[in-house]
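Quick one: the structure is below, questions incoming.
When the chains are written out, they are named A, B, C, D, E and F in that same order, and each has its own residue count from 1.
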Amino acid sequence: MKLPEFEPTEAVLSGETADIYFARTIEILRYEGLNPVATMEVFTSRAGVLCGMEEVKALLVRVLPEDNREVWVLAEGETMDRKEVVLRITAPYQSYGLYETAIIGILAQCSGWATAARECGEAARQIPITSFGVRHIHPAVAGVMDYSAIVGGCAGCSSIAGARLAGIEPSGTMPHALIIIMGDTVKATIAFDKYMPPEVSRVSLVDTFKDEAEESLRVAEALGDKLSAVRLDTPGERGRVTVDLVKEVRARLDLAGFKKVGIFVSGGLDPERIGHFIESGALIDGFGVGSYISGAKPIDFTADLHEVEGRPIAKRGRIPGITPNPRLKRRM
Amino acid sequence: MKLPEFEPTEAVLSGETADIYFARTIEILRYEGLNPVATMEVFTSRAGVLCGMEEVKALLVRVLPEDNREVWVLAEGETMDRKEVVLRITAPYQSYGLYETAIIGILAQCSGWATAARECGEAARQIPITSFGVRHIHPAVAGVMDYSAIVGGCAGCSSIAGARLAGIEPSGTMPHALIIIMGDTVKATIAFDKYMPPEVSRVSLVDTFKDEAEESLRVAEALGDKLSAVRLDTPGERGRVTVDLVKEVRARLDLAGFKKVGIFVSGGLDPERIGHFIESGALIDGFGVGSYISGAKPIDFTADLHEVEGRPIAKRGRIPGITPNPRLKRRM
Amino acid sequence: MKLPEFEPTEAVLSGETADIYFARTIEILRYEGLNPVATMEVFTSRAGVLCGMEEVKALLVRVLPEDNREVWVLAEGETMDRKEVVLRITAPYQSYGLYETAIIGILAQCSGWATAARECGEAARQIPITSFGVRHIHPAVAGVMDYSAIVGGCAGCSSIAGARLAGIEPSGTMPHALIIIMGDTVKATIAFDKYMPPEVSRVSLVDTFKDEAEESLRVAEALGDKLSAVRLDTPGERGRVTVDLVKEVRARLDLAGFKKVGIFVSGGLDPERIGHFIESGALIDGFGVGSYISGAKPIDFTADLHEVEGRPIAKRGRIPGITPNPRLKRRM
Amino acid sequence: MKLPEFEPTEAVLSGETADIYFARTIEILRYEGLNPVATMEVFTSRAGVLCGMEEVKALLVRVLPEDNREVWVLAEGETMDRKEVVLRITAPYQSYGLYETAIIGILAQCSGWATAARECGEAARQIPITSFGVRHIHPAVAGVMDYSAIVGGCAGCSSIAGARLAGIEPSGTMPHALIIIMGDTVKATIAFDKYMPPEVSRVSLVDTFKDEAEESLRVAEALGDKLSAVRLDTPGERGRVTVDLVKEVRARLDLAGFKKVGIFVSGGLDPERIGHFIESGALIDGFGVGSYISGAKPIDFTADLHEVEGRPIAKRGRIPGITPNPRLKRRM
Amino acid sequence: MKLPEFEPTEAVLSGETADIYFARTIEILRYEGLNPVATMEVFTSRAGVLCGMEEVKALLVRVLPEDNREVWVLAEGETMDRKEVVLRITAPYQSYGLYETAIIGILAQCSGWATAARECGEAARQIPITSFGVRHIHPAVAGVMDYSAIVGGCAGCSSIAGARLAGIEPSGTMPHALIIIMGDTVKATIAFDKYMPPEVSRVSLVDTFKDEAEESLRVAEALGDKLSAVRLDTPGERGRVTVDLVKEVRARLDLAGFKKVGIFVSGGLDPERIGHFIESGALIDGFGVGSYISGAKPIDFTADLHEVEGRPIAKRGRIPGITPNPRLKRRM
Amino acid sequence: MKLPEFEPTEAVLSGETADIYFARTIEILRYEGLNPVATMEVFTSRAGVLCGMEEVKALLVRVLPEDNREVWVLAEGETMDRKEVVLRITAPYQSYGLYETAIIGILAQCSGWATAARECGEAARQIPITSFGVRHIHPAVAGVMDYSAIVGGCAGCSSIAGARLAGIEPSGTMPHALIIIMGDTVKATIAFDKYMPPEVSRVSLVDTFKDEAEESLRVAEALGDKLSAVRLDTPGERGRVTVDLVKEVRARLDLAGFKKVGIFVSGGLDPERIGHFIESGALIDGFGVGSYISGAKPIDFTADLHEVEGRPIAKRGRIPGITPNPRLKRRM
């Protein structure tokens, strides 16, 4: 995966998204004429996958003085331990103090998403996962969420913004709305096939009006070899997708000669349910995961000053001086 | 609270933040020449406080045809039941189909934040709460998060962006960084007092270098009547703020004649811990809540078509036709 | 309910179904010339509904000497407390000692069935329950099981033998086998309607080949006013019958004008699941309960001698003499 | 163990014990002139020991047309997995459709009993178990229950009917009633010894009137070498038989020179309590198990049509066509 | 209850039982010439019954200067809340500093015992309890333990030392050893009756050699009207005393005309088991409680200085100055 | 460790601390002229460390007739299994019957203390533990408690009496009272250093007035090389001592050049918390344990007669005759 170029927004650069007390701190220090070189370390509250560091670096490169800065980091996508230092900045404090909020906020939410994606991927073993959860978060973070999911190991994502950041094509099947507007799954699938460019996979959503097994056979018969897969997304009101349903649809497709038509499963998936499918031996060609990834709890990060003008210092509860971490690499 | 004017971004309007399959659906329907008037209902997956509706309305007013639309909503900040319909749109499907992702995404995350804020507020009874959690989320949603917290009942927030949206002044005390740079809590507090405009409350953070009780007396003696409050934010490594600590600091301040100096508590607070402080009878003047609100799980919403050209219809698992909800008001 | 006439079998009368040690005991007592008038009391190990007493009385009337016997009982269908005495026999011991096994065995299993039926009935409030569980027990007890279920409160049962004992008509819809043989639910329902006498309710089983909601509308349209109800029996592989499914089928039937077609629910029901349906407010016209009733744990009974020739006596752990129970009535 | 010859009863053959809807199905199919060759498979809902197959075969041999039938089975007493097919019938449907209820009912209850017996046997390791539970079930199934217990691994049973089916002698000690009638344990034991043929073991029940240790010594002194064992059956009111009691009785018998007198334990036993005795190292010569076996929950079986006239078919939730199971053997 | 006169031992007065650091503290203060009037408060770690205060007062009256002391206390046997101050001493520190260990140690263990006794008493309602636990603690505290039990509400105790302190007669029945030496319970009971003075109750221990019910009748027949009660003390190996045993012994005694013979229960009793007996309605005339009282966890007390020479002071975590408690009474 | 010489007190020898029924038993036996040689065995109710045997032997040597006694024991400090016999006395019963209460009482409480000490020691691995709990028990057992703690594996104890029995020097740091009286931790530490003999370790208690990290540096700077260790004893109101606090104090001392100053931890310790410190890798030089050891539940012991005049005998529930235990050694 090629890492994207991030560009800090004006709202971040101006300090508008910061906690007000950092703005006040910089103001006070300016009045007092205090701008010591200080070392800030950022550490994590729990283990996971680090994400957001590229965006943080893009911010730091804009604000730190080129001739008086040192930035050490763990790389995007690396695993991190609980309490591990993932970022160390040494520079005049006034140049970066205002951005503490943004720096740890970016890392918190992106790492939360990437870590949840990693958990799903581990449960799914070799089966690819597509991030489908953009519908459960604010559109302002749709892109970074899907990007983080891919850093965490997803093979694809449904949002155009996320796919662009991650340098891939967005993936998706068809919504229930298309089928309802057209009135029939087979009709909708045929229309999809007619108008979509050839590189888009034909994946038909088969739970809208009829039993999934019946509908799977209907669309397979209608599209023949062109049908890439069916997607099972049974709603909770109908008991969600079960292992037995997947096995039965697989058996009925095979019996009817559609051995090449894949099965894609979505709906309320999390690592536990994915693991359950995997252990059952049901043959599945892909999973779509929604709010388990997009609604993942952020991983809180903490930023602490550990040196001021070369002297070790720390607040109560923390250990003064540089925290050794040989995994950090200097990147600025 | 006066509701703000939201303005949809270009990324949302262009569909870039949408799930790709909605873009494809609109494309197919255009080719097919299908643009029926359709009714979409949005319902919630769990009870809570509705938030984000103002932003959704700002989007809808931009995209729906003025002469062929009907929009019914619950209002910003209202409580909603599990499975309750909170939004109903009737309009030509092509005008809004692309925005399903953004609509339910905005509602999901904003309602999640507002609901968590409400839970804290109920636990705190009359004691005001400030949202301090912007540091645990991506800066692109810093403003809407703090705005949602205030819709849910917080009295203040620390981000400038959030305060602007909510039409209030941002609140905050001082960061540990200021104290560490200046080398002493009393010195930092005096500097804060010297440069900050009079309308900013003097609240001193008293856990950086010394025991909180000792430091509270030192800053109270230094600032005298000008000190509004001390803020206790003891780190986990020192056992967090406890009921006994609050009671002792209160007693020691009183004993030394500082009865007017308030106590502000923060650090890892959630409704349970807040409730514990309240029930203990400790005299507290304010709480600061961070990731419990900002990291709140979004409340998933679902959007379903229930009528197409006036005919009741629905996917399996849903009931065709308009779902009655007398609480909805027509707003467009 | 009119109580049936039971007739003891030869296997019971001959002692073949008894524990061997009772046969040996009678033999020893005969050799010793001992045949004292003895009082045996039978008490229960847990609370429940008493059932089997009619069959026990039919046995006793055959074996006890008419001129030297006293039998006190609780009546068929009465509730009984834990440890309550439900039967007291005073007669020459040789006349009934051999039948202890049969007496408490009949009461144990019949009371277990009746008690389970009562629990379902209490959960279902006014909605009638049919016992469908004969398929999970040995056919030699098919009749007494269904009879006991009706004593416990079921409105009907599926076995011919049980219905005969209970003096009612057997109830049942149609099996999956009929539909599979005929190849289509609508065809099978029409054939059922064509050949069955008018007094048999037309209840169509709608989960065999298609989604239940779709199939319900198909059979309703095919039979019109003659259709009494549809039966939902969704298998575990499809998530069993859910509250939402019932509500949706009800709504779709109503929307299509079939307000008089009832809904009958079966499949893995127990008091907890029945209670869940009732509390949800779903409109249900009948429940079919299988192995919760037919596989109910028997309620163990214990038989103890408490008097021999008028002298109070008892084994260790029991209290000598007659145990007072004013609820007992003399019946022989 | 030599397998018995079963003979179907008239009530089963006439369909009286069947679910009414099978009788109706056969009637409809006759009217329609439909009698296709159909394949029915029977599978189990949980793992266990298969029992009842001999009785099922005796039924099938009576009803299936000799020249057009194929029956594949697992053998009596074999272990079976969850969801494993244990029986496959291919024959004209009208010949066997009526018997679905009886077939799976026989298997359900018999397999439930055999499986419970197997669990006890595994807990008891080498120590023999006698089935004593006929007193907790209806006498109509007394014989098949004890037969099933022996198929599951019990060494003996107390009912005459069960022993006959299993081709063994019934076992039993003496009831409390004999001792109470005779007024003393020693007197009763002497009478037992006097009248019983020599092949019946002399096992004395020692908890009726006195402490078990005291009574054990009394009967051992009275019978000398002829005493085979004492049976401890302490009632719940006296704390049931405990490990310490067994050890003490063993020690006191040994101390008095009765090393050959065995100890037989009964009363509320289940695999957990049996395992506890075994692990304690207490020397026990036999266990008597009652309602754990006789009141065992039946193991539900399901019968499904999988082929009709050679075409794979199945209801929703099941996979069409023959389910491969290499363990099945053709028996008809 | 008349409170006893306590007398401090030489070991306590000399400081030998103290923590060494108090001895050192007094030494240092003497060298430094520091002997300020200081106020020490003692508070409890959990709610309970205060005991040991009489012994503490006897110590203080010996060591505090008569003309410069103030001692405020809660009284012996009063209930105390968690964290309540139960003792406040104001005097020159050197006069009492050495005794902090002894003061809070006496209160800790005595209050632990009294509180456990109170719990038993509340469970037993009106039925008297005798403390039987001296056998589970060191004889050096045998007397104070039984005294504390009586302060907590016991009606009697078995140790001579405890009874002396409490100003009552010791109670007790007979040990198993007497019965074993004499070889028979009836013989031992007759000997007890023969030699003991008339004021000693005749209570026979009936579980040594025979079943309790049988033995109870034997001793009742032997002693007639002189027998006051039987004591049931069934060992764990025989299932302990159960509710059913008590009811049966009561019934058998009544049936035999011994309605005046009481029943005394002991063996592994605690408030839960006592409560179980009480709720069962079994007629019991007394309980004997052993290690639940004598092995009760001490209730930790803490001693803190709150004023030195009239100035409020306190260590971190405590509130400086006198803690108001209107329940304290001045006693010195 | 050299074992101490114990001397029975007059109160024990006179039987004053005994259960009254033993005094009565001896009286009855004297009247009856019965003084058989009897064997009493003492066994334990749970596994642990045996302690108190030296004190028991000192009693037995005083009361048993020199020419007619046999005493077999497990040694002080040995581990013992549940139900293991630890003491066997054979002698004329009148010589020792009165002392059953004292014998098993001494063993019960001392073994309880030693066992708790052993558990702490196992959790602490190589780190030495000091018993600090004398303040939570009655001073009459202060010495034997601390002695038992040392038998169980503690390296030191705080009471003078306990240290004397164990043949070691008492250990202790300084109480909060000294610091409060002197008004400052540094002043108190300097005074301690000034007056205490050189062999007493300089350990400063650093949580009284200031944050522990700050105070640790202050006392280290004041005493320099003479400071042996700081003791962390943070009260519950400040969150107790945490792993992070220990690590931070260690780091700050090291950073300031005080690598030789040790850290001693106390306050609410039990094996679980000690284990937590050990596993965390925090560098700790000693633990102080209080009420976990001193308030340990006694281990109940039972004394039974197993032979009278050479004949095996036992009460119900026990096995007559000598219980073999090859670990016992004859000691009298």
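By our rule, a contact is a pair of C-beta atoms (placed from the backbone, for glycine too) under 8 Å apart; a residue touches a chain by one contact, two chains touch by 3 or more.
Source: prediction; values computed, not measured.
Novice: Between chain D and chain F, which partner chains are common?
Specialist: Chains in contact with chain D as well as chain F: A, E.
Novice: At the chain A/chain F interface, shared numbers over all numbers used: above half (same) or below half (different)?
Specialist: different
Novice: What chain is the most remote from chain A, judged by the mean position of CA atoms in each chain?
Specialist: Between chain A and the rest, the longest centre separation is with E.
Novice: If every chain is reduced to the average of its C-alpha atoms, which one ends up farthest from chain D?
Specialist: So the farthest one, by centre of C-alpha atoms, is B.
Novice: Compute the rotation angle for the C-alpha superposition of chain C onto chain D, expressed as a multiple of 5 degrees.
Specialist: In degrees, rounded to 5: 180.
Novice: Rounded to the nearest whole Å, what is the centre-to-centre distance of chain A and chain E, using the mean of the C-alpha atoms as each centre?
Specialist: 65
Novice: Report the inter-chain centroid distance for chain E and chain F in whole angstrom, where each centroid is the mean of the CA atoms.
Specialist: So the centre of chain E lies 22 Å away from the centre of chain F.
Novice: Would you kindly tell me how far, in whole Å, the mean C-alpha position of chain C lies from that of chain A?
Specialist: Once rounded, the distance between the two centres reads 57 Å.
Novice: Which residues of chain C are in contact with two or more other chains?
Specialist: Residues 209-211, 234, 236-238, 244-245, 248, 316-318 of chain C each touch two or more of the other chains.
Novice: How are the chains arranged in terms of who touches whom: line, ring, star, complete or other?
Specialist: other
Novice: How do the chains pair up in terms of touching? List each pair.
Specialist: Every pair of chains meeting the touch criterion: A-B, A-C, A-D, A-F, B-C, B-E, B-F, C-D, C-E, D-E, D-F, E-F.
Novice: What does chain D use to touch chain C in their complex?
Specialist: 9, 11-12, 15-25, 27-29, 31-32, 34, 36, 38, 40, 52, 93, 97, 100-102, 104-106, 108-110, 112, 132, 134-144, 158-161, 163-164, 170-183, 191-192, 194-196, 200, 207-210, 234-238, 290-291, 294-295, 297-298, 300-301, 304-305, 308, 313-318
Novice: Show which residues of chain A lie in contact with chain D when the two form their complex.
Specialist: 211, 213, 244, 247-248, 251-252, 255
Novice: Help me check something: in the complex, which residues belonging to chain A touch chain C?
Specialist: Counting only chain A, the residues touching chain C are 209-211, 214, 234, 236-240, 242, 244-245, 248.
Novice: Of all residues in chain B, which touch chain C in the complex?
Specialist: So the residues of chain B touching chain C come out as 312, 316-321.
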